[in-house]
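Following are the structures in question.
You will see two complexes here that share subunit A, one where it goes with subunit B and one where it goes with subunit C.
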Partner chain A sequence: MAKLRGRGHASVNYPTGMNLGGDPSQALIHATTTGTFVVSLSSVDLGQGIKTIAAQCAAETLGLPIGNVLVDTADTDTGPHCMGTFASRGSHRVGNAVIMAAAEARGVMLEVAAEELEVDAADLETDGTGFIMVKGAQDRRIHVTDLALAAHFKHGRTISGRGVYLKEPSAPVPETGEMDPDSCQAHACTVAVVEVDDETGVVEVLELFNTYEVGRALNPAMATQQVEGGAWMGVSHALFETTEPYYPVRDHGPRDFAGYLMPGPADLPIQHSLLLERPAANGPYGAKGIGEMTANAPIPAIANAIFDACGVRLTSMPFTPERVLRGLDALRMEEPC
Partner chain B sequence: MTYRLAPIDTGAFVAERDGDHHTVIGSVVRRSDARGHVTGRTEFFEDVAAPRLAHLKMHRSARHHARITDVDVSGALAVPGVLRVLTHADVPNNVYTVLKLIGVEPDDEPVLAVDKVRYLGEPICAVVAETEAAALEGAAAIEVGYEDLPPVFDVEEALKEGAPLVNEYQGQNYFVYEGHHCRRIRFGDVEKAFGQADHVFEWRYQSSPIEQAPVETTGCVVVPQADGRLRIHSDTQACFFTLDNTALILGVPFNKLRIVGGTVGGGFGGKVDVVVEPIACVAAMAVDRPVKFVYDRAEEMQVSSPRAAERIVIKDAVMDDGRIIGRKVTLYVDAGAYARHSPYGTTKAAAHLPGPYTIPNVWADCHCVFTNRTPSSAMRGFGVTIADFALESQMDRIARALDMDPLQLRLINAYRDGDLKAHRKIAEGTALVEVIQKAAELAGHELPEAYRRMSSTTREGL
Partner chain C sequence: MPSQIVSLVVNGERREFIAAPGATLLACLRESLGLIAAKRGCAQGACGTCTVLVDGRPEAACLVAVETVADGSVRTLEGVTSGGELDEVQSAFIDCFATQCGFCTSGMIMVAEALLDRNPDPSEDDVIEAISGNVCRCTGYRPIVIAIMEAARRRREQAVPR
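Showing the complex of A and B:
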């Protein structure tokens, strides 16, 4: 009896956006008289961080600090339409809509600043700390709070903007499947190192080497959380999860987390992750959707590593100890005595 | 603030970068709701304290497939605290399908079962009560008479002639795509490729249903407003999608409803079906009180739609040098008893084939099949995750059969900018070559110079 070590590989791509498009999202943005910009959405934050990403896209486009942006979501009475949070679409669709809205608001902001500073709007820039100033003349500047007050009480202007992103719907050709399904594709590759206990059938994932091409890491810490969490989910799918353990037989379905196992802290492999960026032309600051992709490559990489370790080719998910042991038994039956 | 940070490689596509002059994008900004989540101050839908809140629980099918001969709700009505028992007759437009918003037909699923149940756990009656305990007791006191029908659980069995019909609204045990029995990809001539190939490899793969397993289960609190509207606090992943579908089921103007959500304890695709809001709204209107309907963990795991089980057969035409010249894929998606989002997911799977490789001849039949199990629906990687398991297992087996390095096999076949995909879209922005090269580097997997020089933007080395 031994613990057998193996390596496996997998490389994948993943589409950004609802398949076939036709999934718009809108954003509205306006400045209050405090110089705070409110981004109104109806988009849902599932924990992945769309509220933060929307704020970052708004702040970057406006040229203001992140502290000057509030995100108000998701109330269908006050937030404009969003198709929803799914299909790795949130950052891409909502990010683009927010950028469009913020660009319009920035245009008004610079127009009002031009009047206040008695210059041409084209000669103005933002410094990222809250000031709008004349290029090359840093003392001629106005803070966004003063500007927002002046816009409302002196100029009678709203500093606001509207944004929408729509990938026009594509209809597949029924005969051939010709279609335009996606906005862009993200990419990933996994090298998995596993250890298989040939007595118990238990597979332990020791190490994952993961690379992810994400277009643009809008928030590198949150991108790291996405890829590491996603890889964890891949490990979980590979080794543990199903609601029907003897599918297609309906029996023995788990009803709680005591029966539906997922990896705990002790089951976590060492993860080496590397992000690559090939900006997408249609992505917000080049970003692609990466949420879903991150769970995918580890599953086949683990299957391939199990084969490498012990010669058992598992073609059914998940790769439970029972399946590993049955595979080992079958191999022993094949071997000449 | 401390955080983990994966390094970013900026070398691979340096010419395409825009100068990195950003002040906020590309910076680490604290997740806006992190503090609230870890201190317990974030408000989720269940934190809504509505006065006079009533609770809804379901009486569910005890059979996989049966005709309903009798429903006796008198036991439930006798339970102290039970306010109302709802049946299909109380739901204005009881039969629906969620994707009708993007033109998918037919309506194929009842909110509450009418004359038949098609899976174990299908909702039959909704009990509204003063307390959760009374609602549960009431639901347990309902008696349903069944006349069992033969169930079908296996996708290929379901497609055989003479198999029990699962869903009469669909009319056959598969979803019809514009007159076809499956979603098709036809690109080049795979049969010719098999004739020309040095090797033909054919293997089968299978997955089982997988639960999205969010920390927060699916649910909502519906609060009738003074002006006659309904305010729905929900953990839906898609507010307007839920609003629109709910209004259609209720038969009310869209602006009678308001969804308040946006802060959700995990979704992973499990909260894009519209399964709690419509009946909770019916209940709230019936008793004119706020009503809460939230799945318990067992419902979330066994009744709420999981990721579909998929069966995938891949047959490849391969040359001695590792080039794959033909790939034939037969996919069976187990949709369970109702369509939900499965017709969409099956098309998404077809769009993903033959994987991130340039293969000149591709044939795919992607079947969306109905069986007598919990309807499957969206989950992270919808249509793609299980296909990747099959495709990348296949790649490993081909590499081993040819005694080739598994990463080199992938690099030879990887799609590049300008390649025509099987769905006839020109590939752009590709980076499969680079993620493979970098993963090899990271893992200490040596690649020959010719493979290290390959690129997604050139045809070097091919």
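Showing the complex of A and C:
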């Protein structure tokens, strides 16, 4: 009886966005009297961080500090349309819509600044700290707060912009099923190191090496956390979570945290994560979506590592001690005595 | 049994409110006192997101009938912040990026407070054991463990007299 160590890998290509009857998201942006740019969206942040990404895209495009951006996702009844935050589409669709809206608002902002500073709008630039200034003449400048006040009370202008990203509908070719389903694809590879106890059948994931090609990591800390939190979920799918043995009769199935097995903080592998950036031509500042894919690669990587460790090839999740032991038994039966 | 007036010391202040028989501490904190940092995740003691300190001990407030702790002292996340300043655990959670959706954060911070109160120099295993009743579906736990270790370090450094 021994603890057997094994290593396995798996790779995944994952589509960004989906395409049924066309896939749009819209964004509206306007400046308040004191120069806060309100980004109105119907894109729901359920914790994944789309508000942060939308604020970053707006601030970068406007050339203003992120503190000047306020993202409002308050109400899907009254906000501009969004298909929703799913299909790993949020950063891509919403990011693009916000950039388009912010670019239009930036145009108006520079026009009003041109009137205030009595110069041509094409000669203006933003310094990223809140000032709009004449290129090469840094003391000819106006702060966005004063600018917004002037726009409202002197010039009668709205500093605002509209944005939309539409993935156009693509119908499948009847003969081949061929269609244009996504906007780009992110890629990942995970290497898992596991230890299999051939007496108890327990599998422990010791280490995960995650490499993600994400187009552009708009927020590297959030992207890394998505990779590692998602990998934890992958470990959870691989080794713990199931509605079996009750499925398809769910009468006594686990319905809550008390009955549903998940790895806890003591079951964590050491993770090493690397982000690779190959900007996507149609992505917001090159970004692709990596929402859902992060739970995927660890599962087959762990299956392959179990095979490497003990020769048992498991094809149903989760890889429970029972399944491992049955696999080991089957291998022993095959062996000539 | 009629409703009754319950008195508790909440975050250092005596509070009185009317509670229906069997009302949970969590429901009273959230609905009668407006303290909504403690969250209702599972309402059955399995997720830890409702954790508050009762007389210094971490408890799942969803399982505590409020009359059983009458006249006791309760500390919630709202009572951790003193004078608008984040404490070491809160700021370490931010600096170590130990939160994503944030739903588990309040419970995690409260178990960390209880741990550091009784053990200022915990090992990683101590931290893991302390948070093992708390579910996080986002972070993979690692950043939370790191944040609590960091908070302990900062708190020890502050305790050293200059």
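The criterion applied here is as follows: the second predicted complex is superposed on the first by the 325 of 337 C-alpha atoms of A that agree within 3 Å, B and C clash if a C-alpha of one lies under 4 Å from a C-alpha of the other, contacts with A are read in each partner's own complex, and residues count from 1 in each chain.
Keep in mind that, in the parts below, a residue touches a chain if its C-beta (ideal position, glycine included) is under 8 Å from a C-beta of that chain, and two chains touch if they have at least 3 such contacts.
If you're wondering where the values come from, they're calculated on a predicted model, not measured in any experiment.
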| item | value |
| --- | --- |
| Partner chain(s) touched by A:G49 [first = subunit B, second = subunit C, both, neither] | both |
| Subunit B versus subunit C as contact partner of A:W232, first or second or both or neither | second |
| Partner chain in contact with A:F257 - subunit B first, subunit C second, else both or neither | both |
| Touched partner set for A:L268, first subunit B, second subunit C, both or neither | second |
| Contacts of A:A221 with subunit B and subunit C, given as first, second, both or neither | both |
| Contact breadth on subunit A, by residue count: subunit C or subunit B | B |
| Which superposed partner A:A87 touches (first subunit B, second subunit C, both, neither) | first |
| Subunit B versus subunit C as contact partner of A:A10, first or second or both or neither | first |
| Contacts on subunit A seen with subunit B and repeated with subunit C across the two complexes | 46-47, 49, 221-222, 225, 228, 233, 256-257, 262 |
| Subunit B contact footprint on subunit A (complex, rising order) | 7-15, 19-20, 22, 41-47, 49, 51-52, 55-57, 59-60, 63, 65-66, 71, 73-77, 79, 81-87, 128, 169, 172, 174-182, 184-185, 187-191, 209-213, 215-225, 227-228, 233, 237, 241-245, 247-250, 253-257, 260, 262, 272-281, 285-286, 288, 291-293, 295-297, 299-301, 303-304, 307, 313, 315-318 |
| Sites on subunit A touched by subunit C in the complex | 46-49, 221-222, 225-226, 228-229, 231-233, 256-258, 262, 264-266, 268, 271 |
| Residues of subunit C touching subunit A in the complex | 41-42, 44-47, 97, 100-103, 128-129, 131-132, 135, 137-145 |
